[in-house]
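In the two assemblies presented below, subunit A is common to both, partnered first by subunit B and then by subunit C.
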Partner chain A sequence: MNPDFFVCPLNKKLIRTLRERSLVIKLDKIQDVGQAVALEKEFDFHIHCLQLETQTPLASIPFQNDWLDVPLAVYTPSLGNFFDFVEKLPLLRQINIRVYLPTNKKENYTNLQIISSLGITSALEFKKDYLDWELMTDLMTYALLPLVPHAPIDPFYYIANRYDPHKRNDYNSVYFNDFRFYLHLDHDGRVYFSHDDLKQGHYIADSIEELNNPEVEKELSKRYFRWTGFFLKTDGCAYCPGWRICLGKFSDTVKSIPGCSKFFSEFMDVIEQYKSIQRDKKEVWQP
Partner chain B sequence: MATLILKVTEKCNSNCYYCDVVRKKNSGSSMSLEVLEQVFIRINEFLLKEKEETVEILWHGGEPLLSGPEFYLTALEFQERYCNSTKDRIRYSMQTNLTCFSEDFIDVFRKLGMTSIGTSFDPEPNIRGPGTPSNSDLYNRLFMEKLEILESNGFGWGMIYVVTKKSLAHPLDVFFFLTNLLLTGGISLNPVLIYDNKRKDISITPEEFVDFLGAIFPVWWEHRYRYPDLEPFRSLYANIIDGNRMLGCVDSGDCTYHHINVAPDGETSQCGRSADWGLLQYGNIMDKSFFDILHHKERDQLKERVALLFSGECNNCRFWELCHGGCPLDAYSKHQSFMHKSEWCDAKRGFIEKYFEPISGVRFEPKNQ
Partner chain C sequence: MPNILFTQYCVRSCPYCFAKKHMSESSPDDVLSWENLIYLVDFLQKSGEKRFSILGGEPTLHPDFNNMVLYVLERGLDVTVFTSGVMKEEKLQEAVSFFKPVPRERLSFICNLNDPLKTPSPPAEIESVKRFLRAFGEKVVPGFNIYRTDFELDFIFQYINEYGLQRHIRLGIAHPIPGRKNIYIALDDMEKVINRVFSYISLFERLRIKPGLDCGFPMCKFTDEQLAWLYRYTGGKNEFGCGPVIDIGPDMSVWSCFPLSSFHKKSIFEFNSLKDIHEYYMHLHDSIRIEAGGIFIECDDCVFRDDKNCHGGCVAHSLSRFQEEEPLRLKEVYF
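And then the complex of A and B:
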């Protein structure tokens, strides 16, 4: 098993051991961005992305000119002051960034539209207890069938561009949570399939070196086919029209916050409409 | 193309509620290697004589995986030994419940050129599975485990879903379940065929089958490119809209001189059902060639049936080209004679007239009538 990327904390001792790897480095302080960039120069690894999780609103983050070459995934609770945000736009538009806003604030559905309409790539961060499928539908439709040009909004744009109805479509990669591409490391170098596994301490290997161990391969296969569990129940996600792009991600909230089935079903319709617009785009004759 | 249905065993590890095989009195016999060897000797003999022909072997049962990987390795050896110059014209497929599948079959199946497997599934409790009542929990869990092996090794698969009385209450649930489970490949929705009075709780009428399909068809039609090949919709689409004539054995009116069922003891018949019912028996492969079996006089009545129906019961039927009176065995089960159309003909016609044509907006026009 050899994933493309490892997601790890900013830990010099650990990062030193990850030579020639592509890393997503998790940061919880804005000022650590510079330190992570410095480490890349010191050690022989590649920054795939810096994942910054901050409580500072987007508009208040002190973006720097020397971040221009640093791929950033910024998880922030809100947009913040709009005028401060507008002031930062010229710099933000030059940075390789995706801004994640959570669903626990209803205004974020609109904020994502604002951010993307101003040219910044963004993504919705699903907070399981705070899901508004109506607002999500509006955002998804805005993301894929725009009346005005705007930057991508994920995971909608991500799925729409990779959608294959004859495959199980997974968008976890947008959140560094698809073990086919990303594995997570803790401070001691133990390896986890996902962010949730890391939080719960369920590791699959003591170190990267153990990843080719047949037991790990077996675990990987088990995890890959975890979806089959849905088909052993007599109701639930296996019976849902939206299964092929949702894959049961909201199975534990479907009863308390219903609406996911309708949403993902409409999402597929919109994706197919989006695809047909892309496919049938015609250039009008003109020299 | 000649189709050989090889019943390698009549044993089955499952006790599916609607299945007739496990209820047969003589169930339990398995094909000996001597009979298997003779199959390949006969295939070679046939293909040497018929230079343009191909042979499709369908491994069937009972449960064909119960014979174990060694059986198929031996088949491969017999193919290499007896069909050296003709093996390129032999194709293989399999219909299995999958629950006995293992990594041990992978290599030999690949060597036989078999990279896709036909299977069956039913999410409804107590329909498929071992024991009485059928232990569907165990069956379904095993099925999923074996599916992992199949998909991990890059094998494709198809699925038969048998529509029973239990399916009728929730056709769209069945549809989404099946098309979510199998995203690419083929799914066939077949009506349950019950020939005794003991299982009336699951039997359905042709009209019920029509309405079951009719509840699914609008959803399939609207997003048909999203879903895997779903029968009978796909072939109706091909026949009615694309104008291609692609019909299965039941509807083609053309199974007469093409199908051979070989029982474990080498006795041949037209198909699995005719063998089960002791009809259309053509002799044993130990003393008859496939050429002789395919041209057995008894088969002529099936050809006569087509002519008789065309000028009789099915005269002026707009859908003759799509049905040809349906399966002779279905007709036999109702009339004790092959010389009638099948009652499932009405289901086909009913579905096309009531659902397919109005929803698709395309009227079927026969080519040659």
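And then the complex of A and C:
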């Protein structure tokens, strides 16, 4: 098993062992960006992205001019003071950034529209206990069927551009959480399939070197076919047309916050419209 | 250029107010939401508009007024705000800090001023207006609505000089609101009003201030001498028009202009572009003019109206008249 990317904490000792790998480095302080960039110069690895999780609102994050080339995934709770945000816009538009806003604040559905309409790529971070499927539908429609061009809003844009109605369509990569492409490491170099596994301490290998171990391969195969479990039950997700995109991600909230099935079914209709608009776009021959 | 209503309530109660009917039928809690604002900016940009015109009620009463204006400017549209200038001090200070560096070509205010003597307001309100004028001086075009024949413009000349406002006065004329009693200039008084405006010629010239006529002035009530002066002094920039302005409410309803706020109201979602909306209401205006060429009986045969040099005054006069007659006209001209 050889995934494309490893998601790891900012740990010099660990990172030193990850030569020639592509890394998503998790930061909890914006001030650590400089340190991560310095490590890339010191050791021979590639920064796929710096994943910053902060409680500071977007408008208050002190972005700097010398980060223009650093790929950033910023998980922030809110947009913050609008005037401060607008002051930062010229710089934000130049930075290689995707802003993640969580669903636990209703205004974030609108904030994502604002951010996107002002040219900043963004993404919705699903918080399972705080989902508003109606607002999500509005946001998804805005993301895919805009009146005028705006910056992408994920995971809608991500899925729409990769959607295959005959396959399972997973958007976990938007959150570095698709084990086919991303594996997670802790400070000691233990390997996990997902962020949740990491939080719960369920690791699959003691180190990267063990990833080719047949036991790990077996675990991987088991994980890969875990989706079939949905179809062994005769309720809910097994009959849901939206499953092709959702893949059962909301099966545990479907009763407490209903609406996911309607949303994902509508999502598929909008994707079809989106695709037909893309198909109708005339493209001249390319030299 | 359409007007977008940020709010549907106002701190003033001007006797001539043409938004009165619309506001009385709306909830004061209806303010423009961010989602609707984003849609409207998208819609106008798709329609090729470059300017965004903000109206109320009093638009500055919107709790997010400053941020919303900032957003529209960031989206690349130039902004005009129609305001009374009555703003809470704290909000005004915030607005100054936000907008002072914005050039006046990108952001301007049309401040509708009332004569402190003829249309008295509470002293606190007058102070608030003065504070606003002092703060935004060169970004402000003073506006004045004429609803009586003995109006005076001296106080506006004084404000322009005192606060450094733009040297231009937007002169509006109060029109009837079909289906509602309001104070407006009767047809017989049009000439008096025009003569009164022209009694200020020497001040306009001496102070280098240009008058700008808003919609609904009938050309025939100006003498040739007055028209010649207007042409010479304003470079022929005045029109004698009446057509759909297009107002868009916070709930995304659309209508032709405030006096016609109940006339064939639609939803913006029924149209694909501003051009579609304009064509829809233009067709209705044309229907009204089939029934009555203009506000005067002579309008029907007027060569200047045929050539569209004058639109025959405000259609609200004709619509008001139709209301009082037997309903024998084209069905489109009724509410």
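Here is the rule we go by: the second predicted complex is superposed on the first by the 281 of 287 C-alpha atoms of A that agree within 3 Å, B and C clash if a C-alpha of one lies under 4 Å from a C-alpha of the other, contacts with A are read in each partner's own complex, and residues count from 1 in each chain.
The rule we apply is simple: a contact is a pair of C-beta atoms (placed from the backbone, for glycine too) under 8 Å apart; a residue touches a chain by one contact, two chains touch by 3 or more.
The model shown is predicted, which means the values in this text are computed figures rather than measured ones.
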| item | value |
| --- | --- |
| Side-by-side fit of subunit B and subunit C on subunit A, or clash | fit |
| Subunit B versus subunit C as contact partner of A:P62, first or second or both or neither | neither |
| Which of subunit B and subunit C A:S117 touches, first, second, both or neither | second |
| Which of subunit B and subunit C A:V86 touches, first, second, both or neither | second |
| Subunit C, subunit A and subunit B - angle at the middle CA centre, rounded to the nearest 10 degrees | 110 |
| First (subunit B), second (subunit C), both or neither touched by A:F231 | first |
| Comparison of subunit B and subunit C by subunit A residues contacted | B |
| Contacts of A:H166 with subunit B and subunit C, given as first, second, both or neither | first |
| Touched partner set for A:P258, first subunit B, second subunit C, both or neither | neither |
| Lowest inter-chain C-alpha distance for subunit C and subunit B in the superposed arrangement, angstrom | 25 |
| Subunit B and subunit C contact sites that coincide on subunit A, given as residue numbers | none |
| Residues of subunit A touching subunit B in the complex | 165-168, 221, 225, 228-229, 231-232, 234, 238-241, 243-244, 268-269, 272 |
| Subunit A-touching residues of subunit C, taken from the complex the two chains share | 33-35, 38-39, 41-43, 45-46, 66-67, 70-71, 74-75, 97-98 |
| Subunit C-facing residues of subunit A, complex | 82-83, 86, 89, 110, 113-114, 117-118, 138, 142, 146-148 |
| Residues on subunit B engaged by subunit A in the complex (per definition of touch) | 123, 125, 137, 140-141, 144, 147-148, 151-152, 173, 176-177, 180-181, 183-184, 219, 223, 225-228 |
